[in-house]
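The structures considered in this document are given below.
What follows is a pair of complexes built around chain A, which joins chain B in one and chain C in the other.
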Partner chain A sequence: MVTVLDTGGVAVSASQRRWRARISRGLILWIFGFYVLAPLYAGARFALQNDNGNFSFHSVAVIPAQAGFSDAFWYSTRLALVTVIGVLVLVVPTIIYAHLRAPGVRPALEVISLLPIVFPPIVLILGFMHTAPTWLLIWPYHLAILYVVISLPFVYRSLDAGLLALDLSTLVEAGRSLGARVTTIVWRVILPNLTSALVSSVALVVALVYSEYTMASFQVTPTLPVWIAQFSMSDGHITTAAAMLSLVGAWVLLAVVLVADLGRLQWRQRRARA
Partner chain B sequence: MTMTNTTGTSRDDLAPSERSGAPVALRHLRRRFATTTALDGFSLDLQPGEFVALLGPSGCGKTTALRVLAGFETPDEGSVWVDGADVTGVPAQRRDMGMVFQSYSLFPNLSAHDNVAFGLRLRKVSGSERRRRANELLELVGLAEHRSKFPHQLSGGQQQRVALARALAIEPRVLLLDEPLSALDAKVRAELRDQIRFLQRRLSITTLFVTHDQEEALSMADRVGVMYQGRAEQIAAPAELYARPETPFVAEFVGITSRVPATRRDDTHVELLGRVVPVRGHLGVSSPELEALLRPEDLTVRLAVDGPAVIVNRSFLGSTTRLEVALGSSIVKVDVAHRTSEDLPHLARVDLEVVAPDVLVSARR
Partner chain C sequence: MVALAPFFVYVGLALLLPIGAIVVLALQTRSGHFTWHNMSLLTSGVYRAGFVNSLEVSLEASIIPGVIGLVVAYALASVRHPVVQRVVASASAVLANFGGVNLAFIFIAAYGTTGLTTQWLSDLGFNPWNHGFSLFNFAGIVFIYCYFQIPLMVLVVTPALAGLKSQWREAAEGLGAGAFTYWRRVGLPVLAPAILGAVLLLFGSAFSAYATAEALTSGSVALAPILIGNFLNGNVVAGQEHVGYAISVGMMIILLVTTVFYVLAQRRSQKWLRS
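On to the complex of A and B.
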């Protein structure tokens, strides 16, 4: 058996060191897991447990029948869709252009993308409502404009990391030397390689729209978080179940996109083998 | 007899090339980046089917020259001609040139097959023809069984061979190789070097190859252009470049060179190691104190008790032994046959004699 002296001068065998490493690894994972899962467990438990302490799915089953839930849910879903489209249309071409043609402006873009964190949402919504033209204010999805702004820090960072992992300029040059225009390369090469970055961006945006309360509370039409806040006065179990359900919905959406992407890659591999 | 390349592809399997490469001319190219001049009036001609290597130290402009030819850089001055047409303003995607990059640059989301077929798809080649050609090229580079793999599932050498197949799939008029072997280990590099040369000769594609590795350049190219500070110092066949360098930079950059003190005799001769030797080319230096630039095989050495030089180091190189001989403040390298070297021990006093028919000289440092 190999025995070495540890820093304290005490003899430690190799198997003891492996055992210690295993314990520290397990401890770290347990702490992390507990920190992430404990609030979810508490929420789920509160949602599924009635006042007598029994567990049932009653709170979940009755959600669709609650007054205003359906309208709020679908309105938030449409808002999420408009926000996702808006933020991707704004950020994807900008960031690809910056990486490819103007790397010098990247630090400035990074700072700009961080600015929304500095402004409290209340300031953004009040400023917007006092300065936006009427035609924009009567557009039912004008909140999406602000959501695009506040989701910029997450989306920019996620896509920036995705692009940094690619040798973008060489890939573009390789594509051009084969006869492709830059738009073709972006569509066929760059975007497929950004799938995971795009999926995480979309997930973050959807999660943000389904949870943002401050700005949404100024709207005539209630969004899901506003409905949850209002309804929680009458039944906390049901509103917690609704919040948990929206979270599960976002996860399912993420899983569907990832599975579809994996399936696409496997299909390509099978086709090439054939 | 059937000849086989390094990956086992029989030369008899290959269809003869249907078209040969295009002539290329780079004319008086200038390109500046902020305060740096990358190309300073650089010119180069490539004959159809010729393999030319650009060799030089980092920052000499060789990659910029290649990128100007590829269409990725626009020259500030000068022009680029391919097949008799001025393509200086033609975008890269319409130049019909295949390019292999140092960093492989395979598309990570596509299999090896789809990478090779990418250019064919853009050219609207039918699906069956695309598959046939992609498979044929993958077979040619010895990767037929890896066609369904994605780049991350391939080794560096395999990725670079896929990149080569991808560049060749579009039947380019010109093949551009931007240090394609630099990221590979020595064994794979040697294999791929043979394979590139074999395919280039077989398909007769005009090829421009950029490298900082003189062994690669000298062993692969029909001609080698040595670049320095944005200019071509000399463009010549490898043997000529080695044997008859025209400038001190070329002499010292390509191969091994020793500087030996010499004295000006007249406009065409110098006195060197007690002998009057003709000067190669034009003696463009007015100073009487000169230095001759000599290859290790330009000198012979013999034992002499009162000789002016001392053997200070010996390196076994196989059939020859390289001696390092101290002559005054200079260290002169001399190659001798291994058997002869046994009579020339460490710290022995020796005489040096010039056997080269002429020598290149420069001002003394």
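On to the complex of A and C.
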């Protein structure tokens, strides 16, 4: 088998081989593209069809008027806000502090950031419902507590990478020699340099809160994905339209991440040139 | 150190305390006495079936998309077009996180009995539903998981592929190796830990997934996470009041082993691919 293939490589000219490789590569990517896009196209078609099969925006237009939709939407929005505040107040300062003052803690943080992968959401919510005190469970935004936890893996990785890319000790020393206090350095030097990591973390957190179903499905108040699942009993077209809109929302958030990423790239190129 | 306290207290209360409580409850009777009974329930009946099914679904939904994702990532890595690479990378990032109810409904619109993609396929003379295909059984769950697992594989394995140095290939060709020999003797051995790590990550993601299967089958298939969900919804048999906690412990043991091997594989892969 091996020898056959190897002598085959000699028989076929190099340009022919390259050409063949390009064709098969292109074919793979086209098939993959079709595989990815076909369900999305089908979903969009189904959402934009009325019962007679004609094209109409009706299913999309009536979503806001459906019973329970706006409550669920705004509830998810407020949950996202509380979660983002939690991440910015609790997680971000901790990671920055560990880099500045306590690098010895970083391995521990790294392990903690892996834990939400070991403990699946369905297990976490089971334990939380058992251990949380009643006053916490009746607080409408208690889900945000868990969302902060399950967003740790990507928030930590993104900020850790962002901080490692900065030359932190030089920045701090430069700031100090100019007479700045540490708080000033964090506020005016480190945070501005971390903008893209922060923006992409926040965008991913928001996307997570708007799409998380497992934990939310065991709560009294429906979030957006829970509402979509419950509503699926009454109208398939509207449900599919809502599902497609959720996906569009995720794309928009990801475009934010992408732009932030490109910003970081350009900044680095500029720095490299300077 | 004081500044780090709030975070560690938070993680302790919101993550470790609930998990610890589950472990304790799994080893207790209803009246609080120590017992192995709950754990032993996992070795038979529907709970055993749940774990067997979950492992089977996760294995299939990690190896199949692992292989396909690797091929796609390889085809992609050789496209030297920054815009195409960026677009596919970000599309993969969205799709990799696109599970749950939304995906289930879009798949019903596409691959359901009257779905559009099903219609295209039957126009081509092959209606998958007439050949044993269904979205609502285990094969259907594997099929739908592939939709977010393949992009996840592309996402995590692309950096490793980018780490392959062109000098290695040139050196191999200079020594007379063809493409096949290069991959068998150089490329795959260097990539093996990274590929293994990625597949382990896919396995963990499939194993803990709950929302997609639940939305698709309304809790009617026996997968370990679905059984926990049924337990949480109050479907409990007398004498098995703590079995939900035992299933959770079983899942965490499997995921812990997976994660440890994932971390080891990642460390190993960085030996060659970094710098």
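The rule is simple: the second predicted complex is superposed on the first by the 193 of 274 C-alpha atoms of A that agree within 3 Å, B and C clash if a C-alpha of one lies under 4 Å from a C-alpha of the other, contacts with A are read in each partner's own complex, and residues count from 1 in each chain.
Methods note: a residue touches a chain if its C-beta (ideal position, glycine included) is under 8 Å from a C-beta of that chain, and two chains touch if they have at least 3 such contacts.
This structure is a prediction, so every number in the text was calculated from the model and none was measured.
**Q** Once the structures are superposed on A, label A:Ala180 by its partner contacts, choosing first (chain B), second (chain C), both or neither.
**A** A:Ala180: touches chain B, not chain C.
**Q** Could you tell me if A:Val257 is touching chain B, chain C, both of them or neither one (first, second, both, neither)?
**A** The second partner, chain C, only.
**Q** Quick one: is A:Asp167 in contact with chain B, with chain C, with both, or with neither? Answer first, second, both or neither.
**A** Once the two structures are laid over each other on A, A:Asp167 reaches chain B alone.
**Q** Examine A:Leu90 and indicate which partner it touches, taking first as chain B and second as chain C; both and neither are also allowed.
**A** second
**Q** Could you let me know whether more residues of chain A are touched by chain B or by chain C?
**A** Of the two chains, more chain A residues are contacted by C.
**Q** Thinking of the overlay built on chain A, is A:Leu126 touched by chain B (first), by chain C (second), by both, or by neither?
**A** A:Leu126: touches chain C, not chain B.
**Q** Can you list the residues on chain A that touch chain C in the complex?
**A** 2, 5-6, 8-10, 17, 21, 24-26, 28-29, 32, 35-36, 38-43, 45-47, 90-91, 93-94, 97-98, 101-102, 105, 112, 114-132, 145-146, 148-149, 207-208, 211-214, 217-218, 225, 228-229, 232, 236, 239-240, 243-244, 246-247, 250-251, 254-255, 257-258
**Q** Taking the touch rule as given, give the residues of chain C at its contact with chain A in the complex, in rising order.
**A** It comes out as residues 1, 3-4, 6-7, 10-11, 14-15, 17-22, 25, 71-72, 75-76, 78-79, 86, 90-91, 93-95, 97-98, 100-103, 105-111, 115-117, 120, 147, 150-151, 177-181, 184, 204, 207-208, 210-211, 214-215, 225, 228-229, 231-233, 244-245, 248, 251-252, 255-256, 259, 263.
**Q** Please output the residues of chain B touching chain A within their complex, sorted ascending.
**A** Going by the criterion above, the answer is residues 70-72, 91-99, 101, 103, 105-114, 118-119, 122-123, 147-150, 163, 166-167, 170, 176.
**Q** Residue numbers of chain A touching chain B in their complex, please.
**A** 166-167, 170-171, 173-181, 184, 188-189, 192-193, 265, 268-270, 272-273
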